[in-house]
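Following are the structures in question.
Both complexes shown next keep chain A, but they swap its partner, so chain B is in the first and chain C is in the second.
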Partner chain A sequence: MTTRKRKTDDAMDQWTLRLYIAGQTPKSIAAIANLKKFCADYLDERYTIEIIDLKQDPKLARRDDIVAIPTLVRKLPVPVRKIIGDLSSTDRVLVGFDMRPRVIGGDGD
Partner chain B sequence: MTELPIARNPRRRTTDLAERVREHESLVRALQGGEVDAVVVLEPDGAKLQHLTTDEPLYRTIVDTLPQGVATVLADGTITYINQHLADSIGMPPATLLGANLAGYVATGDVATFVDTLHAALDAPQEVGMTFLWAHGEGPVLVSASRLPVDGVDALGLVIVDLRDRLARTAAEEESRSKDELLASVSHEMRTPLTSIMGWVQLIEFELGSDHHLGDAIRNLKNAVLAEAKIVDDLLDLARAEKGSLSIVTREFDLCESLRNAASYVNQQAQAKSLALHCELPGEPVIVRGDPDRLRQVFVNLLSNALKFTDAGSIHVRCGIDDAYATIEVTDSGIGIKADYLPMVFEPFWRSERAKPYPGLGIGLAITRRLVEAHGGTIAVSSDGPGRGATFTVKVPLA
Partner chain C sequence: MPPRIPIANGLAKCPTGIAGLDEITQGGIPRGRPTLICGGPGCGKTLFGIEFLVRGIDRYDEPGVFVAFEERPEELAQNVASLGFDLRKLQRQKKLFVEYIHVDRSTIDETGEYDLEALFLRLGDAIDTVGAKRVVLDTLETLFSAFANEAILRAELRRLFVWLKDRGVTAVITAERGDGTMTRQGLEEYVSDCVITLDHRLTEQVATRRLRVVKYRGTNHGTNEYPFLIDQDGIDVLPITSIGLTHEASTERVGSGIADLDQLLGGGLYRGSTLLISGTAGAGKSSFAAHLAKASCERGERCLYFAYEESPHQIARNMRSIGVDLSAFMKSGMLHCVAARPTTFGLEMHLATIHKAVREHAPGMVIVDPITNFFSIGPVNEVKAMLMRLVDFLKMQQVTAVFTSLTSGGKALEATEAGVSSIVDTWMLLRDIELNGERNRAMYVLKSRGSAHSNQIREFVLSRHGVRLIPPYLGLEGVLTGSARLAQEAKEAADASRRGSEIVRRRRDIDRRRKAIEAQVAALRAEIETESEELERLLADESARDQRMAADRNVMAGSRKSAVTPSAAVAGKRLSVRRATQ
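On to the complex of A and B.
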């Protein structure tokens, strides 16, 4: 994992993140751990994380049109962005949140 | 490979489309990379989760390593799963026990009831329990059996708890509790007559007048009663602390006040032993939230302790602020503490060999620690060794 910290304008705003998981599954646990690490490395405490366990109430998936678990939703700053998966690739999270330019022709990792 | 910034189209429709493409890309990547463990299946009146991977491995690990016996069996007692703890109780590896009949390891006298219990559990709406001994003679153990939701198969989940540990623990807790109760009631019974003696002594003192030839005798009697009352009060406090019912009335106050108060209280004692008592207090008030009387008691205990174990030299009291804490240090030049004994000094009734010639029961520091902890603070002790004094450091959160 890179320790390079790339601050963008986005990183200066307050971030509101919502992570959808499904019980104590390995990917859900990994997603929580990876999200906490990402926030600690890139967001300097300017964030709130809400974790929603769809195992308790699958209907909540409709709220953010969730199709797969785990999914991370960035509610703020706009635009709303979704990243599906266990967030194990920090690069993909950075690209997904426009914190790093997309690489055309590569796999983005 | 070319790097391009994200194309931002001012027209909203295109932006929405781009977002959706992004999202689909993200889904495909996550699915291909095995990062997804469930998908959401929408239904007319809600949604459900379709798990691609299961959470079984995690629960399995928890059950495998649980320090209680767990097994699943068929209606006749055939073991379909057994955890390590239960296998250890029986004395065989789990792999050997798989497929064996659990009833075969139950003491002969208990087998019939054990088999009946399994059958009863199949039809019971909730778990059914019994106690039995193992065939190798150990136990008793408590089994509780409940029907498992497995289609077309009569299966049971068993939780087996060893009652020996529990019985032993209950006996130990009972013994400890009765000791605390004895301590509390004895201390209380001792305190009542002391109050009465003190009342009569004061009456005699008043009647005779201070210049009576028995004046010294009366003063000595009073001091002896006060000393006795202090010991009994300490015992009562210790008994209350053990029960978790120390009374603490909190408010915001200046800690320096308490320190000055405690220092002047023990000053006479210091003068009697020709010891210098130095206080270094900050000019500003140090405001904490706590019980001023109880914290004064902490400082009186620490200062009395320092004075008791110091025959020459001086006692230093320092108060400062360290982050969110008020830090108070009481340093003496007394008999010091061996490094091995440092962890024991706050234990009730503990006294080192070298402390034996000095009066006391060994409860002052035990109470002190409990009082400090009741304030959300900490207390620590350090010493350079025998004959080289000791320092007690108290930290109490600032208000």
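On to the complex of A and C.
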């Protein structure tokens, strides 16, 4: 129930998300699908997603210092967080975005 | 020595431009392949990478990309500015691209599959932007602390090295040394072509940097550790241990500046040979060295003087007192003094400094005064090894070397330097001879390879006109020096003069006697003459009397007219005879 409460607090904010991919690879496609599902489940309508294909413009990778693909960057709300991978585990995404408390000694850190 | 380009094995090489390294590797690191540079913190890995790129741009027109995983570009530029590398300028000229990759683990979470495609894309973009031929990754291992999934990371690194090869760039990858392994993350297993380790070691409180080519597939390379310097010109690797006994032996002689000494040595020193001058304190080693230095400068050959006891100024002053003026040569640069306390650096570093100075100044002669001070900073066998390498190096360059060596008074001179003496060609000993309450200087040539040399012990003096060898006294009394020699010479001179005056005296005596005899002879002759004159006179008187008597008789006959005188009859007879003969 705490999660729910926190979620309502966060709901006050508009989320700005950037997803960096490199071409239409299976990992990229999976990441896009998982991100959309996550947003639909947890963020209602209060988010914008920008999908950046670094194959089109590699220079953009320097903007957010991207090394791994795919990388999801939460520009807003601050602090800026990054989650790399295909976002297949929603739990991990929740932890990564501080929407669920980290477990001490857990994999997330 | 220009880097040799290997043709036989067909392995293309990329000259690093780092002084000395290209000699060790016979041309550089493998072109178009990654090379791993590993070492501990502060060993010069980053500088190695930077210099590789800067030299590539400056000398070989090969633009480069520096991927900084640790240092920010601004820090990097500042750090190498002191070495004369202007990274910002090169970046403005589009010759260098600095890609700063910073992965902050605290802001990153991982979920599911990923790869490092963005790294490849950024690198590819950087390479394309400047048209890079050279890439430095400094240091890849930081990625291991950035990503949790090591399996993915290792697979990606493997892919990265293949990718770098495919791009055809010559890559330098730096890595931290691990505990008992070459690199902490075992990167050496991905880079199989060339691995170089850098080391910064402290021995006997003196730090020395060393470089070693651990592995170089498909090429010969020196496997030794080579000392290197990091100074205002960057990295300077000293390929000193790679020298074999292959140097040419010159037959040309160079003068020592002391004519008598040249004579002792059979015409001077061979060019490129090594002279050891050993002697006790104050024996005059430096004075001989100064003469050699001056002679070299006068021949128009530069001379490098490594002074480990005196400052250049002090040397110039002291040598002026014996009439050897070096200051003019110092000013003109013909004579270059490098003065340092031996304890300032380690042995390797001294060797490195000498090596570098020799390459910079291209001297005809190198003087190390004295080599004995090295023994205070290292074990005897290491010092010997270092000197041997120095001698070999100088021989290769055909540089005539002069070492001075201080021997302590008590020990046997020969024994203390047995090790050093075997590597020198000519060994000159200066020693004091104590006799008759005074100390005199003497020198002799103990050995001189490949030339006849005198076996004489010669006394010498340090006069206002320099070192002067005194003609040897070789009399009945043996070899004498100093006042003993002078006394002996004086005695002999007195003897000689005494003998001389005796002869004069006897000659005068004979002269006198001869004169006396001659006088006697003259007197006798005079007597005889007197007597013969008397006789003549008597004869004359006699004939005159005869005539007178005849005349008287005629007168008397005339007056008498009577009788014919017997004398008239005789006269008549004579007349008749005269008639008969007619």
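Quick note on the criterion: the second predicted complex is superposed on the first by the 99 of 109 C-alpha atoms of A that agree within 3 Å, B and C clash if a C-alpha of one lies under 4 Å from a C-alpha of the other, contacts with A are read in each partner's own complex, and residues count from 1 in each chain.
Heads up, the rule we're going with is that a residue touches a chain if its C-beta (ideal position, glycine included) is under 8 Å from a C-beta of that chain, and two chains touch if they have at least 3 such contacts.
Since the model is a prediction, treat every value here as computed from it, not as a measurement.
After superposition onto chain A, partners chain B and chain C are found to clash with each other. Of the two partner chains placed around the shared chain by superposition, chain B and chain C are both touched by A:85. Contacts of A:93 after superposition: chain C is touched, whereas chain B is not reached.
Of the stretches 45-53, 243-251 or 315-323 listed for chain B, only 45-53 runs into chain C once the two complexes are overlaid on chain A.
22, 25, 27, 54-55, 58-59, 61-62, 66-70, 79-86, 88-89, 92, 96, 107-108 are the residues of chain A that lie in the contact sets of both chain B and chain C, per the superposition on chain A. Against chain B, in their complex, chain A makes its touches with residues 22-29, 54-55, 58-59, 61-62, 66-70, 79-86, 88-89, 92, 96, 98, 101-108. Against chain A, in their complex, chain B makes its touches with residues 1-6, 15, 19, 22-23, 26-27, 29-31, 33, 35-40, 42, 46-49, 51, 53-55, 57-59. Listing the residues of chain A that touch chain C in their complex gives 20, 22, 25, 27, 30-31, 34, 54-55, 58-59, 61-62, 65-71, 79-89, 92-93, 95-96, 107-108. Of all residues in chain C, only 99, 101-103, 107-119, 121-122, 124-125, 143, 146-148 touch chain A in the complex they form.
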